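Read the structure below first, then the notes.
A, B, C and D label the chains in the order they appear, each numbered from 1.
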Amino acid sequence: MREPAAGYSEEFEVNMGPQHPSTHGVLRLLLRMDGEIIKNAEPHVGYLHRAIEKICENRTYPQCIPLLDRFEYVTSMSTEEVFCLAAERIAAIEVPERAEYLRIIMLELDRIASHLIFLGTFSLDLGAITPFLYCIRERETIMDLFEMTCGQRLTYNYIRVGGVSQDIPEQFLPLARKFVDTFQHRVDDYEALLTENPIFLARTKNVGIVNKQVCLDYGASGPVLRAAGVEWDLRRDDPYSIYDRFKFEIPTGTVGDVWDRYMVRVRELRQSNEIVRQALDQLPTGDIKAKMKPLFKPPVGEVYARIENSRGEMGCHIISDGSTKPYRLKLRGGSFCHTQLIPEVAPGIMIADLVAMFASLDVILPEVDR
Amino acid sequence: MRLELSSLLKVIGDWISSLGLPVWLVDLIEMCGAAAMVMGMAFLIILFLVWWERKLSGHFQQRLGPMRTGWHGWLQTIADGIKLFQKEDIIPKTVDRKVFYWAPVICFASSFAAFACLPWGKNLWPTDLNIGILYIFAITTFVVISLLMAGWSSNNKYALLGGMRSAAQIVSYEVPLTLSVLGVIVATQSLSMVAIVGAQEKVYNWFIFRQPLGFLIYLIAATAETNRAPFDIPEAEQELVAGFNIEYSGMKFAMFFMAEFLNLFLVSAVAVTLFLGGWHGPFLPSWLWFLLKAFFIVFVIIWFKWTYPRLRVDQLMEFCWKFLLPLAFLNLIVAGFLFR
Amino acid sequence: MAYDLPVLSGIKNLLIGLWVTLRHLFSHAVTLQYPTERWPMPERSRGVVVLLSNKETGDLNCTACMLCAKACPCAAIMIERHRGDDKKWKIDSFSVDNSICCYCGLCEEACNFDAIKLTPKYEFSTYDKPSLTYDMHRLQELGRDVAYTPRVRKTPAAATPAMTATTEAGGASTPMAPRTATETPTNSSEKGGSA
Amino acid sequence: MADSGTIIRLLVEKFPSQVEAIELNPKQTAVQIDPRIVVAFFEFIKTHPDLKMAYLSSISGVDMTTNIDIVYFLSSIEYKHKLTVRTKVNRKGGKIDTISTVIKGANWFEREIWELFGVEFLGHPNLTQFLLPDDWDEGPPMLRDWTGRNFVKMPEIGG
């Protein structure tokens, strides 16, 4: 990067956010800049702090789930899953087969929907407006699938402790299969527009490099960690649910620049699509919820369950004191650590690169502020 | 037979001169009439282009674009105009009033002034300056000054950054633009637009076939001139929140908005005159050929906007100085040998 | 040059990008013109909360057992009731504050008497917040035309008054979906219904 | 993938008196450590060749009414094993050394616990308010006995 002239150049401070179009959600980046080059960036968060953990201490287990949908509203299915996983581990509940498969289908569709949101807003931040519309068109089909089964498009409240709340209607399977078959060509369209495009490559190659050491230091996870070359995916390395029955690879990048993070997520789109296809093929019949008393009262216990959602490791630490309400509920989202590493990576790059780098981290602010 | 407008104008001209008015009055009326016609044509084109871009971008993205105002939303631009017209024209307190006031005027006036010597059809042009193409490029650089004025006078960090960037961009893309046009002028030995169009009678000697590289460089530099897609750094929303026209609202913002579309049409009209044989074409009347070709070039530029991401400022400069400029020189040398 | 790219493959990919957008130019638009064309809402979609009433007699199914109020995570349901002369709870007022309600559907799952249901209606925006609190009559009016299949009951429900907190969590709530046979032994009302 | 027995044996050997294993409901490798040795402990498990627990998932504070527990969740990317570490800090004015010098990722987690629980982290680079509103003066809200000015507990809907 060219060093600015040695002569005295007075730095000035610019506030990027909180109402800035490119900060996803409400984040304020205080940038001290010397012309176009950023001297240091300091994230200010807390605009979306709703004290979910404090509220959940006074709610029964089923009542916590609608609140957790709002913890991370782009992949709320994964928040419900990690909460129910933790509760099931404490109460040692065995989830029936069909419910596990339904959960996997919903989780992977949720991951696809979240990656589509990433792809859309990421290309929007780089100036390509059209891919955003194409991604949202695909996401609509997934939203219809969700609305058909659980009734809501964003805050699903679908997964229950011990299984799922409702079975899928008849028209779900044909529509899901049609989506899975046509989705590959759609991803080819996005790649045709972006991946090899010289302008896109110029904006993303060797830009905003988050190398392996920074990732490990700051606890980055998910696509950000895999783009840095570390093959770490909780679905395989800390197996939960029935992911061991599906064949899927873990895409990894090499350098950990913006292009790698983009490429890892695009390949994950295809992998998730394959998982949904395999799950649809092997969907057994049977019960959708474990036999248990209507009032869920887990024994005393403490567990930290974690799953691989589209933003990285989604963790949920529950301490139950035997009552119907969790004694303590701590949520950990991937974006919390990704926002934390911005001051480490931001100095020395230009403002346009900072926007690209921040968009490629796929940070969602409610997950940071809780 | 081909419904040439020029014969109609000659009839009106004869009728005016037959009224027995003094000579200078007749010239004055004719000039004002021509100016009024070009002004009307320009506003019609702006109305159409704004609507057309919104419909095109809609259909590019599998949606419909404006549908509510009239059939397929054809009244949309008029509705926008009325909205902007009756919107309060806020002039912030900390703003350098005069510079702030005159910036949009210069921007609009300079891009409109260049319409003077566009050959719209067979002897259908307001004036035929013998330095036509030079006049157009000279006048359109005023836009740079107005952007700087807007950026500086708004007393706003983002506007300043946006203004600086756009000035740097337009100035640096001016060079390959003029160089790519020099190739054509070397062939036609004249700067006058009418002469250039005259040299492209037959389809095979359109300059797009004789100067393909020149046409490509011109097209790329032209998209950069009008601050549009892959090069729309000045109002890169994501980084600078609308760049230099942050503080403008109401009619002042409308002036910048109209100037942008005037520039867009102007650039494609010049491309048509230089490379696509101006108003030459088989059956249709000449002015219709000119408009069809111009709108085709406008379509291509709009097409770029809705397909490509945006270049970073320094990449944009490097692309211009280290890639486009050498290519333009090469093209000029080749043109020199070709048309000795 | 920040990026040294083989120029030819660059131009090829630029043209591919153009081809993709051109192809979409001529494809059919997927958007819907809202007020005129409307999206057919799936029958399970959770919109405004309504109170269902018996088709013949026209009075409410609700037996004021407060289960839905207990199940609501945001305490959006307010019920006043008094003990009638025949020891059964009589309902005085039932109001749902739609500005607090988060449309999670837990009340519908908790209700044993098909009294409350979330319907696919979503157009109820108003200019002032207080008017979002729907009282009993408005909820009943909204629920008049909502089709629901009453749950199959083994024995007539002798709903004993003191209802212990039994949030029935489980089993498909909306009558149309195939209900699974989750025998949930509750001490009060006898409820069953196999798919 | 070292199993929990070897991990705990290694730790107890290194810190004989200050580390002991604890049993939790779903079986997992968990240890209770003395808050004074926090930095040395994390230095050890991060660098020890058989452990290499460099990946800090999260730190959560728990108000156990008698004292405040700080629970660290660690895992190792090479060996794929996990560890839960608990320490006790007294409830009012608890002090503990920061581990953000050892693992940079702990910075914001500790800052959050300072803000929501009032536990002082000694040597933390930037212990300032970041989640709660700027003019927050009602003390750490996550304590169980906390009541703020307009904090309304959800009413228990009785009979």
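Please note the rule applied: a residue touches a chain if its C-beta (ideal position, glycine included) is under 8 Å from a C-beta of that chain, and two chains touch if they have at least 3 such contacts.
Keep in mind the model is a prediction, meaning the values are calculated, not measured.
Chemist: When every step has to jump to a touching chain, what is the lowest number of steps that links chain B to chain D?
Modeler: Counted as steps through touching chains, the separation is 2.
Chemist: Suppose chain centres are the mean of their C-alpha atoms. Which chain sits farthest from chain D?
Modeler: B
Chemist: For chain A versus chain B, what separation do you get between their C-alpha means, in angstrom?
Modeler: Result: the chain centres lie 45 Å from each other.
Chemist: What is the distance in Å between the mean C-alpha positions of chain A and chain D?
Modeler: Here the centre of chain D sits 24 Å away from the centre of chain A.
Chemist: Can you work out the whole-Å distance between the CA centroids of chain A and chain C?
Modeler: Here the centre of chain C sits 27 Å away from the centre of chain A.
Chemist: If you average the CA atoms of chain B and of chain C, how far apart do the two points sit, in angstrom?
Modeler: 55
Chemist: Note the residues in chain D that touch 2 or more other chains, in rising order.
Modeler: 154
Chemist: Which chain B residues sit where two or more other chains touch them?
Modeler: Residues 60-63, 306-308, 314-315 of chain B each touch two or more of the other chains.
Chemist: Would you please write down the residue numbers of chain A that are in contact with two or more other chains?
Modeler: Those would be 59, 130, 134, 137, 193, 197, 199, 202.
Chemist: Spell out the residues on chain A that touch chain B in their complex, using ranges where they run on.
Modeler: Its residues touching chain B are 12, 14, 20-22, 36, 123-130, 133-134, 137, 193-194, 197, 199-200, 202-203, 350-353, 355.
Chemist: Quick one: in the complex, what on chain C touches chain A?
Modeler: Those in contact with chain A are residues 2-3, 5, 9-10, 13-14, 16-17, 19-21, 24, 30, 41-42, 44-46, 71-73, 102-106, 109, 118, 165-174, 177-178, 180, 182, 184, 186.
Chemist: Along chain A, where are the residues that touch chain C in the complex?
Modeler: 59-60, 62-67, 69-70, 130, 134, 137, 140, 144, 147-152, 155, 157, 160, 162-163, 165-167, 169, 189, 192-193, 196-199, 201-202, 205, 287-289, 291-296
Chemist: What does chain A use to touch chain D in their complex?
Modeler: 44-46, 49, 51, 53-54, 57-59, 89-90, 92, 216-219, 230, 232, 237-238, 299-304, 306, 313, 315, 317, 319, 327-328, 330, 332, 336-337, 339-340, 344, 369-370
Chemist: Note which residues of chain B are touching chain A in the complex, please.
Modeler: So the residues of chain B touching chain A come out as 57, 60-63, 157-158, 229-230, 232, 236-239, 241, 306-315.
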